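Should a chain be cited, it is by its letter among A, B and C, assigned in written order, with residues numbered from 1 in that chain.
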Amino acid sequence: MPQEVGTSSAPAESRPARFLLEVLRGIAQVDFMPSALCGAVFLAALFASGWRYGLYGLLGAAVATATAHALGIDHALVGAGLRGFNGCLIGTGFAVFLGPAHLSTFLLTLFGSSLVVVVTSALAIMLGTWNVPTFTMPFCLVTSVMTVGAPGLEKAWHGAHGLAALPVPASGATALSWQQTWHAFFGNFGQIFFMPQWYVGLMFLVGIALANRLAAAMACLGSVTGLVVAVLLGSPAEGVSQGLMGYNAVLVAMALCGVFVAPSAWSVAYAIGGAGAATVLTSAFDSFVGPFGGHTFTWPFVLTAVLFVAAVPSIPRLRRT
Amino acid sequence: MPQEVGTSSAPAESRPARFLLEVLRGIAQVDFMPSALCGAVFLAALFASGWRYGLYGLLGAAVATATAHALGIDHALVGAGLRGFNGCLIGTGFAVFLGPAHLSTFLLTLFGSSLVVVVTSALAIMLGTWNVPTFTMPFCLVTSVMTVGAPGLEKAWHGAHGLAALPVPASGATALSWQQTWHAFFGNFGQIFFMPQWYVGLMFLVGIALANRLAAAMACLGSVTGLVVAVLLGSPAEGVSQGLMGYNAVLVAMALCGVFVAPSAWSVAYAIGGAGAATVLTSAFDSFVGPFGGHTFTWPFVLTAVLFVAAVPSIPRLRRT
Amino acid sequence: MPQEVGTSSAPAESRPARFLLEVLRGIAQVDFMPSALCGAVFLAALFASGWRYGLYGLLGAAVATATAHALGIDHALVGAGLRGFNGCLIGTGFAVFLGPAHLSTFLLTLFGSSLVVVVTSALAIMLGTWNVPTFTMPFCLVTSVMTVGAPGLEKAWHGAHGLAALPVPASGATALSWQQTWHAFFGNFGQIFFMPQWYVGLMFLVGIALANRLAAAMACLGSVTGLVVAVLLGSPAEGVSQGLMGYNAVLVAMALCGVFVAPSAWSVAYAIGGAGAATVLTSAFDSFVGPFGGHTFTWPFVLTAVLFVAAVPSIPRLRRT
């Protein structure tokens, strides 16, 4: 769990093996799991989507973990994968949004996934004032800056996609076919790592389930909540079926029942409410970032989770883990 | 006053009567008044503008107050109306910006005005670090997310108004007629609840005066300050006459002399300075939110008041109430 | 150094002389130097760029310093110039972006550079929670609000430049000539005060060197870092040669090695990393502010420096000054 405590690996392991386990845990921590097995399944899912995405995700997690060690960051945190997961997302995100085949993308990934360790330390201190974790905010910050800045930097951009545009009201079909519905259910897991394929999403769900049953159940509940809210409010079916409206709801539901809030009937309701809010926020973020050419990433999850976790001490029906 | 203290109602009242008083106080707290009488006058003003706006304002305040009780939030806070006022604004705001005649607007109001209780708790904890209240920030957040997200959600939007557009330099007449001038003076009170009619604004002013003379005087001073600054800087007359340039100044002036800062000659000057700053910030916010289809709401008031209240401990000429 | 400590002037000086020294220190504190001599050189550089810019910079610093005294702000802070530097930048910035020849610009400068003292006090309290200084954030806030709000205020704007526009991908030459290269190196110092001329930048560098050798060396290193990153990533040569891509890197490099972080080999590397990050963030900010007609100012420096300084306590390789 991406709290600011963790368990260091057993001293019996060799150094490279220990580092590998830390990197795998880093990949798993994207979904809050401090489990190397889960991380290995996640990595397989990335490779299933494209070998370059797998390599970039691994590279980002490894660079961030190594940087954290070099800077002397608390071993327990690094050992639990808590300084690697933002790097993993940066690697994958840079590959997806800047193109994996450019040398510039490779070098920027090295820089970005080192830098994110500093950003994480800063945000951990600031949000720590209210006992709130940083979630994926460090990744969101670094990748937003890179992708928003890139069109002005010819040798980072190479004419990639994602131009700025004023938001326009939704149009097109909003009714989901059965196939689009179950694709959406699984896509909601995959889009956390930017991957739209249903089978990649299924692999991520399997990875979570191997590490923690409750987390997998809450992930499913979050996915259904995001899907139902998106359909009821009339979000265009095309995006919904690719998981673009539900991935934030998945993360929020896990965070608010089990990971950061103690499981209870109240916290299940809290998680559903948060997942619904994150779904509307996803639509709002899509409009907000459009004019300057940004992307929504997991900002809706981060902002929802920060508020809902910060509020817990004022709400007697709930308590923190 | 929307500080994090309040007076619980007398135990002699019946439960429904006590709840009604809490809801009315919630409506009054939009303008910082912990007075059920003031809330009743405000509610009458909303009904005078349109019966649906009255119903939505009442609904929002009632749902938020009931949610706060269900979550077990501190009774003193809820009793003083401090968990109802953001709900009241959300109900009225959703009715104005999403259209009051849709079932979706009704359901979203139920959800939004429950949710805002969580957002308020979180922000109260975070801003409490600096002894700063949350003002209407919870309402601004929830309503901004809903209105910015709505155009991407066909069944919430129904082709409503308020499309995204790049800001353009002001044009059109800036000189106010006498009628526009006094309409603006009263409109500045009504626009706090999104209502442009001068007589609705007058009713709000009467409500404030019934609860607190100083607050009414500062509200008038804020309205005049906003009006003078807008005219001197050349804001288009049409918007000024509807109160769109001065409602933030009204709230800032009340907050900075009497409500959160102890009254004195220095705090009157402080309030005038803050009201002037909030007026320029209103113009800036109009430009800022244009490209993504947002609305200014009371963000300029919130941001100005957070900074001006937070600064007080460093300024020996002023002290907090 | 803009930390919240300072040295008050010796009591032997006459009051006007003491005030003049405080104002000059205020001008110098834009680049972290608590030195009246440095401030005098900076002021000469502003006059070299245009006599009105010099007057406006002096006016802003003087009004802010006087306001701080009137409000009773801590003498040690004001004496070290720490309540004047944001005013200096506001005066110069308003002159550049609203036009120096209008009465409105003069009056708005009086108001803005008084107001910024309140904003600075508020932010000093809030960021003080994490022992982080406010940098030029107060200036960035006030000047952003003014320039974004101005196009909607006909009598503040007078049809000035800087209209809103969606960001477009970079085009045009990215290879720098030798002349553009050394112009960029010096322009990076001048653009901190919005001045593009190489000789004005050189004068600022001389001013820094007179006050502190290490700071001058780090400023040069920051300028080179910004230049190299901008060229490698393919930023259009025209902007680079005017210093528009490197002025944030200069400030970050000074802040992260010597001013707020104790000098060491690690902090030099930290400063280079931060300067590189600030350069990419500069490009991102240019895109972000475009649609609403904003300007980048020193926001990239402020945000980078806040995070990098806040992170220091978690990084055993570094320590604060």
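The rule we apply is simple: a residue touches a chain if its C-beta (ideal position, glycine included) is under 8 Å from a C-beta of that chain, and two chains touch if they have at least 3 such contacts.
In this text the structure is predicted, and so the values were computed from the model without any measurement.
Two copies of one sequence, chain A and chain B, touch each other mainly through non-matching residues, since under half of the numbers at the interface are common to both. Chain copies chain B and chain C are related through a rotation whose angle, from the C-alpha fit, is 120° to the nearest 5.
The distance from the centre of chain A to the centre of chain B, with each centre set as the mean of the Cα atoms, comes to 35 Å.
Shown for chain C are the residues in touch with two or more other chains, namely 129, 166, 291-292.
Only residues 70-74, 104, 111, 114-115, 118-119, 121-126, 129, 144-146, 148-157, 159, 163-166, 291-294 of chain B touch chain A when the two sit together in their complex. In the complex of the two chains, the chain B residues touching chain C come out as 129-130, 166-171, 174, 230, 232-236, 270, 273, 276-277, 280-292, 306-308, 310-311, 313-317.
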